[in-house]
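Here subunit A shows up in two complexes: once beside subunit B, once beside subunit C.
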Partner chain A sequence: MNWLSDYFDIRRTDAIWTVLLLAMTLGLPLFISNNYYLNVLVLVFLYAGMASAWNILGGMAGQFSLGHTAFFGTGAYTSTLLYNYLGVSPWLGLIAGGIVSMFFAVIIAYPAFRMRGVFFAMATLAFGEAIRILLIYSRKFVDMPYGLSINWEPGFSRMIFEERSSYAFLTGGFLLIVTLVAYGLSRSYIGTYLRAIRDSEEAAVAAGVPMRRYKMIALLISAFFTSAGGTILAQYVLYIEPTSVFSINYSIDLPLMSLIGGIGTVAGPILGAVIALPLRDVLLELFGGAAAGMHLVIYGVLLMVIVIILPDGLIGGVKSLLRRLQRGQTSGNRTTDKRGRK
Partner chain B sequence: MQLVLQLLMSGILLGGVYALAALGLNMIFGVAKIVNFAHGEFLMLGMYAGFWLMVLTGINPYWGSPLIAVVFFVLGMAFYWGIMRFTIYSTELTQVFTTLGLSIALQNLALVLFSADYRTIQTMPDGMSSLQFLGFHLSTDRVIAFFFAMAIFAGLILFLKRTFTGRAIEAVSQDLMAARLMGIDTQKIFLITFGLGISITGVAGAVLVPSFYAFPSVGTFFVLIAFVVVVLGGLGSVTGTVVGGIALGLIESYVGYFSPDLKEATHFILLILLLSIRPHGLLGVKGAEKETLK
Partner chain C sequence: MLQIDNVTKRFGGLVAVDAVSLTVNEGEIIGLIGPNGAGKTTLYNVIAGTFPATQGSIHFRGQRIDGKRADETCMLGLARTFQIPQVFGSMTVGDSIMVGAFLRSRSRRVARRRAEEVAEAVGLGHRFDLPTTSLTTAERKRLEVARTLATDPGMILLDEVMAGLNHTEVQLMLDLVSSLRDGGLTVLFVEHNLSAVMQICDRIAVLDHGAKIADGLPTEVMENREVITAYLGAPAEDGENQAGGDHA
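Then we have the complex of A and B:
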């Protein structure tokens, strides 16, 4: 029963990684007072939370979305419009944005869930782009400035804070909630169903898993929390515009972080965000002086190398390294081999 | 009536160009089952190659295209041998992010080397930039690019159907295992396919630069167009790419005339609709969209 022990082993190590990562990072705002590092920390928490949200759909359920910018931007826009024009508290705006995003999710789900793999990715990519273009187009009919700025009036009910550390606690709380949800899901029967769907849709359906319903559940949860991240970022930056919050970069960064850390695990997206974001900053500091964009050239090359060398992410890489050391063998243990299985 | 026909003509010309821009993507997808997210960046490099060739040596991109084809053939082979070779049996996720990583790197490399300026060239003398044909106004550069596209398509189809290597490529695209069992050196076939695919993409970029601006992130625009064309025409189908390109060109031409702001949105809505109604495209093989299961 080797596979059984392996299965529980994965769950246990994942939990340990998660607790370790959260314990190491969530306490940091208490000790850091430097604004620059606090800013990095806020963004790490925010991206880690959203990457975890992406991972519920993309990692656990295997539905590889490249359109999460649609939910992110919707969250940012809904709460900001509600706040600026109707004075609704962003806390309520966050919920409202989540609901609107879930509505969009239902719309895209109808065509997208008929597709698989890279086709699902392309359809969601197109969806994210279409929403941005339609938003810009809608300005012909409604009187709305291109960019929306939020007045800086600190107050808890306005979700605007004087201290940067408060934002760190806010985003840290966001990360904690998303992680708890993701962990709860992964340990519940829903997580089991989602993994079954990811590994083989045919087998899952044959075993009686209501596939569409559970894919939809994963999508809705994922959309809601990504949207919440959008609201929080809007309250942090206090300025949004279509090209910034509906940027394709969010659609790419979230899955990327999950992939670097270890896709489908609870700890993976957090680890990925902790590594990828500061890495970009460090590269910018090292090479930014040479020429604009130089640091991203190196970032792109590093990505390729990481993705090729560690297809199961850092967590998977560490695990297989440990296993190799344990058994003293050098053969890899790749679990996924698209064509090798034929 | 005149207007409808004028839009028809320019739509077909634009469509031919779009088809050429998408062909390399479809070829690599058809044979290696890899969706190359860095496709747009190779097109961007082709545009810069055409631009610099004209600026530095005065050779216009049409005459220079054989040179660009050779350079990009080598570049494509290097792309396969240096990077994609390691991912050919990996999951889709690995492939998507390897090519996305390359796309980030190339886009910023272009920014470092060529700056963010918008660049274009004028290949035709002032009086000859547009043609009069049966009372229609057509851009000379577009007409030339269209003929380039058709010539490349004809050449590629002949190559695939008539030569031994071409048939081997077809065989690999149909069934990798069977092809390998028949003694086809699949590594070599992948190498040639990537070379050809990137070579065509480079030439496409070079003939595009007189009518589109070249800038480091232009690839993002074209890669999405290429996705639409490929899905519209059918994955892995060369003829389908032509049909898909022209269909998209026509749609864009008509929508663009009546409501220019919605032009881009139509691409994506069309892509989503198509993927949901007819995911194998107009001429694609049914079931191709399920081919890329892990």
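Then we have the complex of A and C:
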């Protein structure tokens, strides 16, 4: 086990996070029996996992993608088509979808990685839109219904479950795996390389970082897990259509959740999903009846307030609060200047 | 060690580097001087692989390197600093040096030990766990040097690592560079501070308007007519050249 601490930066506080995460993903599905809350739990786990996947590329490597719906929809479509037409198990379909998504990722990477910042975001946004339009257009040539339904026949190999809590375990397991991968990347030399690329491409390359290769690694991992999320959602909802699974909402929600929780951190996207999804539900319940779209206005304003007050997300906010408390303790009643220096 | 043959770099119509040839032998410290805009930084960019050369060839340790990417030349043992320090803004000093150290070992433990050694050597040991954004200008220049040293280079290209430093800081940097040479490193040294260049370099090459106008022992070069005209004929340089002007 010694090589683990040689290659990964393991900290003492990680144990606390691990216990919290395990309790959440494996414990909550056991104790919650209400179907409404179980549904929220499934969606929170699924979004948290996909936001973490987005964050590997968008946060750690700083390549702000707005096109992740392309991978999500590709995952949903690949596994569903394979299952409906060829009877392939969605477990295999999940892998197949991930591979197709990685193939798309390589195609988009070629032009997009030449661009930076806003231009990269726009290129990926266009890519996500283009895939949906191509899919709708392709129905002129291929005989395929607009929407695809999956027959409800529960069975483990079909990834269809009778109990909603089984879906909570499934999505919880998904979240655990993505988090483990994100954690491993973040705490190894790869995480340091990705942050170096994000901070200064010139300096990273001058320090011997093969930038294209590491951006590509981040993109492929990110695409694969987002795609897996698409397969899982398709198996949960049992119905997909181009506008639902290639919706731009996924492209926006995943970065948004990462921003709220703390972009570039391992825990940030999870925290973001835990807060943003239920918040939207609660607002819908409170204001949804009053005026159409009112809850979205309030949601938008709340998000803006969070991002303005906490530019580094909730994780960043908590960290700076802890630092301030610590300093308060060690320096006693000594005064500090505005920047907090002694 | 490094052989530059007839290298030209054009930006559109502008000839930034004009048919420059230069040979650096193993263990030497070569100073590369010239007025602002002479093409020194551009020549570095071409050598390191940031830009491709328009013409000419470059060999490092007998291997042709023009056309290689900057990370590939770094892997071969040729590392450079940036005239304007490029810090990793979200990292600590230690982590930024480790970025360089990871080139030779993927183990965090090994990379950290190497980073600590290098930080100590450049005088940033006491800053190891601080964020890079808290560093002064002089310290950022040291961090530039530290990041390149952490990659275990055979040769380094320093780009004005003394600009903006005060007298004591310049002296410390000079000591550092000499100690690196004593450790077997080959150094190409772009500097505005002429007295520093005179003190430390085995040989000096002078660029003006992209072309090499002199190459020789420090004393020879300083007496060269063309060099004197290049420097004194460019009065706009005076402000830039404070440190050098004081001593020259």
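The working rule: the second predicted complex is superposed on the first by the 300 of 342 C-alpha atoms of A that agree within 3 Å, B and C clash if a C-alpha of one lies under 4 Å from a C-alpha of the other, contacts with A are read in each partner's own complex, and residues count from 1 in each chain.
Quick note on the criterion: a residue touches a chain if its C-beta (ideal position, glycine included) is under 8 Å from a C-beta of that chain, and two chains touch if they have at least 3 such contacts.
Because the structure is predicted, anything quoted here is derived from the model rather than measured.
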Should the superposition on subunit A be reported as showing a clash between subunit B and subunit C, or a fit? fit
Touch test for A:307: subunit B only (first), subunit C only (second), both, or neither? first
After lining up the shared chain so the two structures overlap, which partner does A:275 touch, if you call subunit B first and subunit C second: first, second, both or neither? neither
After superposition on the shared chain, which partner residues are touched by A:192: those of subunit B (first), subunit C (second), both, or neither? second
Answer with first, second, both or neither: which of subunit B and subunit C does A:208 touch in the superposed model? second
Based on the superposed arrangement, let me know which partner A:238 touches: subunit B (first), subunit C (second), both, or neither? neither
Using the touch definition from the top, say if A:129 reaches subunit B (first), subunit C (second), both or neither. first
More residues of subunit A are touched by which chain, subunit B or subunit C? B
Touching A:64, do we find subunit B (first), subunit C (second), both, or neither? first
Shortest CA-CA distance between subunit B and subunit C [superposed frame, angstrom]: 10
Counting only contacts in the complex, subunit C reaches subunit A at residues 48, 50, 69-72, 74-75, 79-82, 86-91, 95-96, 98-100, 102-103, 106-111, 147-148, 150-151
Residue numbers of subunit A touching subunit C in their complex, please. 5-9, 188-189, 192-193, 195-196, 198-200, 202-211, 264
For a test of understanding, state which residues of subunit B touch subunit A in their complex under the given definition. 33, 35, 83, 86-94, 96-98, 100-109, 111-112, 176-177, 216, 220, 224, 227-228, 231, 261-262, 264-265, 267-269, 271-273, 275-276, 279, 289-290, 292-294
Which part of subunit A faces subunit B closely enough to touch in the complex? 64, 108, 110-112, 114-119, 121-123, 125-127, 129-130, 133-134, 136-137, 140, 248, 252, 255-256, 259, 263, 291-294, 296-304, 307-308, 311, 336-340, 342
